[in-house]
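Order of writing sets the labels: A, B, C and D. Residues in every chain begin at 1.
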Amino acid sequence: MTTSVQFRGVTKRFGSAEALSALDLKVEPGEFVSLLGPSGSGKSTTLGLLAGLIEADEGEILIGDRIVNDIGPEGRDIAMVFQNYALYPHMTVFENLAFPLRARGRRRPESEIESRIAAVAHALGLPDLLHRYPRELSGGQQQRVALGRAMIREPKVFLLDEPLSNLDARLRIRMRHDIKALHAAIGSTIIYVTHDQAEALSMSSRIAIFDKGKLQQYASPFEIYNRPANIFVANFVGERETLFLDGAIATDPALCFRCRDEALAIRPGATNLGAVAGRPLKLGLRTEAVELVPADAPAAFPVTVSQIELAGPDIIVYATTGTGIELCCRVPANRPIARGDRLHAALVPEALHLFDPETGAAIALPALENSQGRREPAAAAFAYKDAVQRTA
Amino acid sequence: MRPDSPGKAAIPLWKRRQRMRALVRRAINLAIALVALFPILWGLSTSFKTTPELATFPPTLLPAHPTLEHYALLFRTGIERYMLNSVFLSAATVIGCLAFGSLAAYAMARVKFRGGNTLLLVIVALMSIPLPSLLVPTFTFLAQLGLLDSLTGLALLYIAYQLPIAVWVLYGYFLTIPIELEHAARVDGYSRFATLRKVILPLSGPGLVAAGLFVVTFAWNDFVVAVAMTSSDAVRTLPVAIYGYLGFYGREWGPLTASAILSTIPVIVVFIVFQRFFLGGMTSGGVKS
Amino acid sequence: MALPETADYWGSRPPQPLVMPRRRRPLLSADEIRAYGFVAPLVVLEILFVVTPLVIGFYYSLHRVDYFELTSFRGFDNYWRVLTSPMVLASLAATAIFAIGALILTLSVGLSLALYLEQDTRWNIFARAAALVPYVISMLVGSLLLRWIFSTDSGLVAAALGPFGLGDTTILADPTAAMGALIFNAGWRDSAFAMILLLAGLKSIPPQLHAAARVDGASAWYRFRHVTLPLMRIPILIAVVRLLIHFVNVLTFALVLTGGGPNGATQTMGLAMYRLGFLDARIGEANALAILVFLFNIVLIAINVVLFSERRRAAP
Amino acid sequence: MSAQQSRGLTSRAVALAGIVASMITAGPLAAQTTVTMWTFLDPNKTSPREVALKEIIAGFEAANPSIRIKVEPQDFAQMPPKFFLGHRTGGNPDLVWIDAKNLGGLSQSGAGADLNALVTKAWSQADRDDFFVKAGWNAALKDGKLTAMPLFHGASVIYYRKDLLKAAGIDPASLTTWDALAAAAKKLTTDKDGDGRVDVWGFGMPLAAIKTESTPALIGMLDQDGGPFKGCKANYATPEGIKSLGFTADLITKDKVTPQEALVQNVDDITEQFTAGRYAMAITSNLRFSVIAKAAAFGGDNIGIIAWPSWSGKKPAPMPVSGWWIAAWQKSPRLAEAAKFIDYLASKDSIAKWMTVGGQVPIRKSLLDSPFLKQPANGWMTTMVDAWSTSSWMEPTECNTRTLQSALNEAVSRVVLDKVDPKAALQEAERKFADAQ
């Protein structure tokens, strides 16, 4: 009961504005794909096109092997959960759950409908609510009913349109977990639209990032986080704003990043940064790309602490370099750091993101041939997991 | 329909179906418009026919020798004066209805006062009183007030007839305006009246337009009341002048259709210009409330 | 009516003194007085120009009126005359047929238009505007134009029905067909009014509900039957009542299109009232009929009022 | 905008409109009396009668420079009741036109000034006798008071197409009996283009219940002794009445010379259709002659009028009398000036204007030998004069006769559509007449 979904050069215009341009995207059967992007980026348009609620101007949309461009939503065998749940206000929970079963042309015996509803209600913890009306339910309960209504028909493709955005923070984390469990249990293809990167990173098998109607990157959460394809992705994904610096890598006298008459020392590592030395670059720095080091470390530059923030087990240290570049990094909370401290920092080579300042595209580094490459994923994976937890 | 014809083959089947559907929709929309407009288009065509052509049988669909003689006649006989009367009357009615209507609607929507709910129900009841049954008594009463055969009297009648619907629409609309805005204004020291004027009314564009259009449709087109309540030429309104072409010794189709077309154009223009607001005002106001 | 009384709302009660003085709530609060000022123009105008004529009309209905002179007191004799008059009784039947027929036509066309033209696309806005034209132009002119189209002289009926061997059909002189024409006239003009009322109702249904129902696999008919219709119950009922009131009382359609003919088949109560009062100069009886029609309207109005209150309760 | 502002604006605009209107009508002279007159005619329009009225007013104003006549055209149906009511409430014009059906109301309301005292007292007996349609003169005379002066008379008459009758070989003078009329109508009903549908009908009648004229159903009854009325009681269901109603219905159902659509057609429709060439013969008012002649595609000189046929053919059926009268408002402050204008309207010159310009049949004997009437195109006028002189009939003005024609038309519908027995249908019509009293 699962199928693939494919977009081939799909374009959608509203008036003269292009909401989606030439989208190519393939979702394999059973995948959980998040469409992530700021509002107006085209992710909801993509979902609407797939659901059949919007008609494409160009290109083809396939569900399985079938081109569905001229098939209405009712013929696409999909299920969808809407942002505001779209529960039928004049029907009880039971009737809402029964609706997809009764709406399909073929009549099902009422006993079958009842047993299916009982099963779904049980799975979602709804049995006591079946005879209530939507307005008598809490937000979380409504959310569950909406999910249940989508599940009840066991569709091949599940579409979820920001389903958690109306819930409070804690409930959201729990539902995230539940949805993921649900996916594991039913194995349907799921397309999930969100503007919340934590949701996307924590649940998806792959993420498609959209901006201004264009697909920016389509890859696994790990790839997205650690190898953002361009400045937009690098900036959009991550716990807090990424710092971008214009400059160039220099290897003389030691490996460093030259920027604003300052040399930010880079500690030795597994990456071949020397390969791009000299050319103008845009450097993207997240917190994990800066490390506090002892003053006598081989690579270090002085900074002054300007502000500190407690973030759970860690503290975030904001520090200013000699020329006033404001960096930030994360250190365990037990380190005694106070405002005004003069410390030393270094850049972590594996966590640096380099971009072409003209195109904004990521610059790929040739890997070093030695075995140190093994260390990289582990460290990055830690950082990624960390980021997910913190953005929640 | 050779499959190998290059232009056709390049367009995928789903796209052709999509286009077909869009075309069919447009055709249906056109058909709706045609059914609605056909009699009026016939009137338009008739207004350009020469008098002899008007009397021919079977009638021609389009004028054989289009002429402006009927329109010229209308302006020779001073139709612009009747138009002016109608414009004035419509404006007075709309202004009166919106001014009195928004006052009353505001009080009913936002102030708790004894009798308020009853008044609301009375308004709904008043909206449904059939006018023709009131004509004779109104005539005698208006004569006693000395308001017969005057634009003032007619305007007051129109306002009284249309106020309930204006209040109804505005009341619904005011209810949709967040009350927090008003609390803010009142905390800032605005009186009830100032709140209405400075906060509520500026936010009520669509509601005012919807109410105004209902009112203007009536005031611009009414001839039943106007024919009964006025007699002198100085206060003759356009619909009464049109009605006059249904003369005692036969209808004069030429001037009749020409004046009807003249009177129709302004309403249509106003409605097309304000259509969006109208529906908006109705949507969030009058019906949903 | 959501604002609580000001004093309570701001919670500014003075500290209570030990011995409570007998302070009664003033008869009217300042806010109430202001509210009465706000509704005063409305109340005065309605009393003057609607209620007073209604009362005068009732007074007339108790008299024999010759040329506006009350010549003798008749009590309820006028009512008896009206209620036993074959013309009025026939017009009752004609009104019932017309009102119900016109209601069904107008409501179904109006609902279809509202559903079909719901989206705000350019072509839909055009079609809506066109459909609205018959409603906004003068009823008199519209009916006159339609009358010409229905007459055998226009040749249109013959052209349309000729291929079916019905070229000789006379619409206006056949009691059934004339009623049909009258109903068509009403539908032609007032469907747009129904459309507006229903469109407003439709637009208040969240669009996601329709999207959800489509995704859930519901056919257009199923969606209409199980989602749209239940949620449109109140707007539809309100449209029904408002149209019914209009159709029961309307005069122009019948006066212009058929003159009540043939054989009184299309003589509605509005027209009967007009004939009694304006053509036959029987003003006492005309007023009696007007009062009777008004009483009938009261029933419809009461339904309207009840629906209105229910909708207000249902509103969030 | 406050109430005061709005009212202030209103009254200012009314005043402004009034000033504009008075500037248009009053002209430059200051010391003038303006006499206001309600009529259904509008001297600014172009129909023959309206032109005649304009010329007559111009003539009067030239002769009486201190008096201006201001015409306020009215809806004809509402004009008389408004005038009667205005007598009580004020606001009436100085002069008003009254039709036959409202003469009774005029005398009952007391709104009409006595024109005997104001106008005809100064006339010679010969002058008074000059009005040869006696029924029309006497209708406005009650207790020695003349409340209205006839201007021109009208009647429901049968128009015919000279060309079509000639082509069918029918001599209009031979149509003296109802049977001859029906036979001729049959001959004249033709399908010219052979499409199976009638193009020209033999006989047209307005049978709608509103805007009526008299039809054979009524005229046929006038042949009986004492007419269809006994005081204010209708007496329709007589042998003559039954015969007349049956004859009228048969024109549609049996003879098929009148389209069934006539049941919903009023006199406007019939006039338009006769003008458009849809009928060889049709009933409409003789007052419309000039309008029809002007607009007819087949040429005004092809139109003729015949006197009403009768059952025996010995003598034409009585010609009904209707038309328009003028009355002065009893409370008018300008009664003397108003009377002056009435005097002028009733003068031989004015009546001649109604004849030559307005196309009306003259109502003064002394005009009957004018050369205008000798012209062949005006032969129909002579027909009317002869018919009225031979035998005329006027509805009893003391009764409410408003239901007369409409009830008889409904009786025709009952017979045609519901196959009701003519006698029962006539009894229904009698009841309707009685109800209206």
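To be clear about the criterion, contacts are C-beta pairs under 8 Å (C-beta built on N, C-alpha and C of every residue); 3 or more make two chains touch, one makes a residue touch a chain.
Since the model is a prediction, treat every value here as computed from it, not as a measurement.
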| In terms of C-beta pairs in contact, which of A-B and A-C ranks higher? | A-C
| field | Chain whose average C-alpha position is farthest from chain B's own | value | A
| Per-chain C-alpha centres versus the global one: which chain is nearest? | B
| said: I'd like to verify one number: the distance from the centre of chain A to the centre of chain D, where each centre is the average of its C-alpha atoms, in whole angstrom. | reply: 90
| request: Determine the centre-to-centre distance between chain A and chain B, using the mean Cα coordinates as centres, and give it in whole Å. | output: 53
| remark: chain A and chain C have mean C-alpha positions lying a whole-number Å distance apart equal to 56
| request: With chain centres taken as the means of their Cα atoms, state the distance from chain B to chain C in Å. | output: 16
| request: Enumerate the residues of chain C that touch no fewer than two other chains. | output: 41, 68, 153
| note | Two or more other chains are touched by the chain A residues none
| Junction residues of chain D, two or more chains touched | 3, 78, 85, 88, 273, 276, 278
| task | Please list, in label order, each pair of chains that touches. | result | A-B, A-C, B-C, B-D, C-D
| said: Considering only the defined contacts, which chain A positions touch chain B in the complex? | reply: 55, 60, 67, 69-70
| query | What residues on chain B touch chain D, complex-wise? | reply | 51-52, 54-57, 73, 76-78, 81, 85, 88, 92, 95-96, 99-100, 139-140, 143-144, 146, 148-152, 155, 227-228, 231-235, 240, 243-244, 246-251
| field | chain B residues within the chain C interface of the complex | value | 25-26, 28-30, 32-33, 35-40, 42-43, 57-59, 100-101, 103-104, 106-114, 116-117, 119-122, 124-126, 128-130, 132-138, 140-141, 156-157, 159-161, 163-164, 167, 175, 179, 182, 192-193, 217, 221, 223-224, 239, 242-243, 246, 256-257, 260, 263-264, 267-268, 271-272, 275-276, 278-279, 282-284, 286-289
| For chain D, which residues count as touching chain C in their complex? | 3, 77-78, 81, 84-85, 88, 105, 108-109, 195-197, 207-211, 259-264, 266, 269, 273, 276, 278, 400, 402-403, 406, 410, 413-414, 416-418, 428, 431-432, 435-436
| remark: Listed in rising order, chain B residues that touch chain A in their complex are 12-15, 17-18, 21
